[in-house]
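Structures given as structure tokens follow.
Both complexes below contain chain A, partnered by chain B and then by chain C.
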Partner chain A sequence: MLSFILVILVSFVFTGVVIRTKSIASGRKGPGIMQPMKDIYRLFRKGAVYSETTSIIFQIAPTIYFSSVVMAIMVLPFGHTRGLISFNGDFIFFAYVLALGKFFSIIAALDTGSSFEGMGASREALFSMLVEPAFFILIGSLGILTGYTSFHEIFMTFHFSTYITYAIGVLVTFVLAMICMIENSRMPVDDPKTHLELTMIHEVMILDNSGFDLGLILQTTNLKFAMYGALIANLFMGNLVWYFTIPLFFMFQFLFAITVGILESFSARFRMSHNAQFILVLSSISLLVFFVILMIMNKF
Partner chain B sequence: MNDLQLFFLSLFFLPIGWILIAFLPSNKKSYANIFFVALTVALTSIPSINVLMGKEFQYVFPTIKFFGEIPLRIDTLSAWFILIINFTSLTGAIYGSGYMKPYSEQKSNLSFHWIQYLLFHSSMIWVCVVQNSLVFLIVWELMSLSSLMLVMFDYQNNKTIKAGLNYLVQMHIGVAFLSIAFIWIYFAEGSLDFIYIKEFFIKNSNIWLFLLFFVGFGIKAGFIPLHSWLPHAHPAAPSHISGVMSGVIVKVGIYGIFRMITFLQQDYLIIGQIVLGLSLSTGLYGIINSAVHRDFKKMLAYCTIENIGIIGSGVGLGLIGIGTQNPILVILGFSGALLHTLNHSLFKSLLFFSAGSVYQQTHTKDMEKLGGLIKNMPQTAFLFIIGALSIGGLPPFNGFVSEFILYQGFLNGMGSSNFYQTFFMIMSIAAFAIIGGISMFAFTKSVGVIFLGSPRYELHAKPKEVSLMMRLPQYFIVAIMLSIGIFPAFYINLVLNVISGTFTEYSILPSNFYSDYFSVTTSIGRYSLLLIALIAIVYFIRSNIEKRKSSLVSSTWGCGYVAPNVSMQYTGKSYSKTLGKLLSTVVFERKKYKEIKDTEIFPNERTHSAFYTDFFEFRFIDNFINRFLYFMDLFQFIQNGRLQQYILYGLLFIIVVFLGTYLGII
Partner chain C sequence: MINILLIVFTITLLYFVIANRLITYVNILAFQGVLLFGVAFFELHEINLVNLIFILLETLVIKTFAIPMFLRYVIKKNNITREAEPYLPNFASLIIVTLIIVTTFVVSNVINDPHLNKIYFVVALSTLFSGLYFITTRKKIVTHVICYVIIENGVFILSLAVGAEMPLLVNLGILLDVFVSVFLLGIFINKIGDVMQEMDISELNKLKD
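Entry: the complex of A and B
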């Protein structure tokens, strides 16, 4: 319950912090931290324009996309406290629920019959497919290390006792952060502020959404950021007491948002054809984590 | 009436059904078929349910000359498969009656078709009952031949004939392997009874005989590289037949493999590893191919191969569990496999039925010619999307439950102290993740291209929603699928029942099974319900807010271009192009076109076609056949049609025989 509320709270400011970091880095004054939420609120009140090509799928897809992410957030634990949903192997449920939302967001893009949106849909489907094994190998390896298979128990027993686990922690953080960037279609694979529809992924899929639906999709992106941020924060919170973990949680989310902002300010998007290689590298880093864990456990 | 009599009564009704179907007017034939299929379903399901409830079913027919004793046994395993066969055959019969309406003028063809359908249904059931290898092979052959006749309904079409012949040949390669295996046992043990397979396994090495059986049954099931009949036969068959074939006939192959596993005595670990490795490659191979093809029935056929891979992974996992004495792994693997068998029979028949509805209305299997069908056929689109979601293993549908059980198995096996097993399991998890990802890719493509967007071609007739007769069985399937997704406990208990009845050493479950695994899987149902509720609430809020606002309908945003047209819409081919390129070693793209010559100043109209080839078929089977034919061509001079030379051959032959006898060689 605690994690659910905190993640939702963080989601309100996350993109604001990212945008603020980017504006500072580029020497602009930039909007306030709450600006993205104000935009979403405005969108909620606006009327919508629907394409005549679209069907009911286009109308329900943002709802399902949003609900699936909310459902996934319920799985996340928070230090001592379990998530609203917690069972052995809950990370599989987490990944598959997210996939359900993605399924609908993809077919909604195809529903518009546009040439550009199909392109984005194809890329989204491909990249999220490529990122799946990285996530599963990573959490699976942590499962081997800790002997548990639910998020809560994995994070509770993931100690930082020896130096080598620090290395694992760094690698895991890196992979999770990159998965977050790919799933949200952010910098190394996609540039949200690009002008050309041909080079977009996520932004081009939602070209035809407007009004409430667009607000819902934007809020879902915020939630997803906060969700992955919470996963990373959980790695480091361990079994500390709540008055340590709550500030720690906010600090990690804040750091993560700033990192995203800095990354987006100082790096360029990959060529579209190189993205697949990049994402597969994540799988191999996950495999590296797997082997390091086997080494720690003397399994060779 | 006892259970055996019920079974024989169903056999007694079979000829009555044939005669009735033959003489009824063509619009009534299909109803007679439904009636008799339903009758067989009722008569055979009652004993099967009894067996699942714990009753015994075992009868041995006294020695009939030549065949020896013919034992009829139904254990929980047979009962489970009989129930699956019955359900899908019944829905297939009901759907088929609507699907075959437009063919009502082909009277004799129709009678033949429905007669074969009855035979096909019964033969599949009897395959699960008979346990005498000779009779088993006869029933098996009846099943293969009747399904061949069903596939070749559209026999005037050249492609169908080709697909049918391909199917015929491949099924007989399978039968050859099975025959060799059974003959081996007969010579070693002197009996045709299946029980003696166990005796054989106790005394001899297990792996070779099991592999023979695996190849024989694997051809039916569609494991790579023995899968190549599926992508030809399924598109050629009428859709209710594709649904039933994909839903259950491949499962009969799985039944055979399971049956042989019950007799295994040793070598579990190595067999399990072979089966698991092969199954994962089957899964990956199937889904990669299904993502690139544009013929939607072919795409579904490849997807069947993928699901056979998933079922096979469960089987392999269970075998590894037996080999490493890990009862939880055994139960998770086998229950995942058995439950996925049921699940796949449900959603695959649903998908084939709804794809068949599309074909009936549009007369094309090429998804690039379709689009926007959701507006004309909303219910079919809805059914197809449900099928697509559940086949991708997405919650809240049934596919997720069985895949989750298998994931649990992998996670459990991962805890092993053996390095290789841990590595194998994590690779399996990664493979499952990729399979899940690509299956989402494949089905978003087919849903999006067939049903969404705007129509790509002008069709001859405006498609409209199909008849109630065709939709009804599909809704029924969806209801069962949802029930598995939301109340998995009932079905998992059934499956556990099947396992404890078949593998008696695993009838007492380890104490932590219920708390650590069973309760987890059943809780998924609750969370699925929560997910549905959440979606409903958000949608309710959304529609309430939307009601108060004005909304506009306009054309799709063309990114500034003011005259967009339909042909600019994204196509299925371009959707899967990036994936195809990435995996071009597996899905090889071939192009057919004529290059423009330098001398052609004004080139004529020309065509360009690109299609994907099956790796195994193209690289191995076709390659081998072509080389073989090339080699045989060298001897073509012998048969040259000249009478004089033929006489010369005769003369030479006589001389050789003469010389042979003279010199005492012959």
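Entry: the complex of A and C
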């Protein structure tokens, strides 16, 4: 319950911090931290306009996309406390509930009949498909290391004892952060600021959404950021008591938001053809983590 | 600590696969030199001082500074194209190199020899095979030399695994560097890049005596 409330709270300010970091890095003052939330609130008060060529899928997709991410957030633990939903193998549930939301956003984009949106949907599907092995190998290897299969128990028993676990921690953090950037279609693979439909990935899929639906999709992006930030924070919190973990959690989210902002300000996006190989590197790195863990456990 | 350095060394191999520019290749070589310096420094503290200083100087001075600087100079002097231009797309190369690493893990597991230091064996062998693979898929002569240095780094790691008992073997591994410098001098003196415009090995097919 605690993690659910905290992630929702953080999601209100996460994108604001990212945008503020980007503005400061480029020498501007920038909008207030709550500005993205104000925009979303404005969108929530509007009605939606639906194209005549679309079917019911297009109308229910944003809601399913939003609720799938909310469902995934419920799985996340917070230090000692379990998530709202917690069972053995819940990381598989986590990944596939997110995949369900993504599936609906993809078929909704195809439903509009626009050629641009189909292209964006195809790219998003490809990138999500390439990200999936990285995520599963990573969490699976942590499962082997700790001997448990639910997020709560994995994070509770994962300790930073020897220097090799620090190396694993750094690698896992890097891969999770990159997975977050790819799933949210941010800088190394996609530029949220782009204005050309041909080079868009996520933005082109939501071109036809308006009003309330667009607000839901934008808020989902915020939630996703906060969700992956919580996953990374959990890795380091272990079984500390709550008055350490809550400030630690906010600090990690804040640092993560600043990192995202700095990454977006100072890096150029890859050429579209280079994206696939970059995402595959993440899988290779998680394979390395897997082998290192096998080596620690003396199983190989 | 050695394990972390060796893991980072394997990641540099993956980075080498997706890098596009020759300068990146050279920088990776320099970084690998630093990593090898770290590995040698932590591994070889039991052999005599002169030998140790010789090896550390070799990794730091030759591998990290001399060879990369000379490579940069050669690339600039011979007007070699800055793109690497592999035959295969990087995506396929990445899968193959990952498979090479996985296979060496499996092989070292099958051998299962108590005298074998597994992580050294895996990193050295995967470096060797990836280096060979890089040579076969890159067009330019300079890239061949760069990939040869990578193979040679693999041999160095393998010799370090037994270096505590046999320091002579490490010194023998170092002799390969001399070989590389002969290659480089050959390219430099013959100005292959200038003579043939494109520094491309397919041009060498036209050579006749």
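We take it that the second predicted complex is superposed on the first by the 300 of 300 C-alpha atoms of A that agree within 3 Å, B and C clash if a C-alpha of one lies under 4 Å from a C-alpha of the other, contacts with A are read in each partner's own complex, and residues count from 1 in each chain.
Methods note: a residue touches a chain if its C-beta (ideal position, glycine included) is under 8 Å from a C-beta of that chain, and two chains touch if they have at least 3 such contacts.
The structure presented is a predicted model; accordingly, all values stated were derived computationally and were not measured.
Contacts of A:Ala276 after superposition on the shared chain: both chain B and chain C are touched. In the overlay built on the shared chain, the residue A:Ala167 is in contact with chain C alone; chain B does not reach it. Number of chain A residues touched is higher for B, counting chain B against chain C.
Looking at the shared chain after the overlay, A:Gly118 reaches chain B, while chain C stays out of its contact range. Applying the stated contact rule after C-alpha superposition, one finds that A:Ala25 touches neither chain B nor chain C. Shared interface residues of chain A (contacting chain B in one complex, chain C in the other): 276, 283, 300. On chain C, the positions that touch chain A within their shared complex are 1, 3-4, 7, 10-11, 14-15, 17-18, 20, 89-91, 94-95, 97-98, 101-102, 105, 109, 118-119, 122.
Against chain B, in their complex, chain A makes its touches with residues 44-57, 60, 62-64, 66-68, 70-71, 85, 87-89, 92-93, 95-97, 99-100, 102-103, 106-107, 109-119, 121-123, 125-126, 128-130, 132-133, 135-137, 140-141, 143-144, 147, 149, 197, 207-208, 211-213, 216, 276, 283, 290, 294, 299-300. By the touch criterion given at the top, residues 163-164, 167, 171, 274, 276-278, 280-281, 283-285, 287-288, 291-292, 295, 300 of chain A touch chain C in their complex.
Across the complex, chain A is touched by residues 371-372, 374-375, 378, 385, 388-389, 392-395, 400, 404, 407-408, 411, 414-415, 417, 419, 422-423, 426, 429-434, 436-438, 440-441, 443-445, 447-449, 452-454, 516-517, 520, 523-524, 527, 530-531, 534-535, 538-539, 542, 545-546, 549-559, 564, 566, 568-571, 574-579, 582 of chain B.
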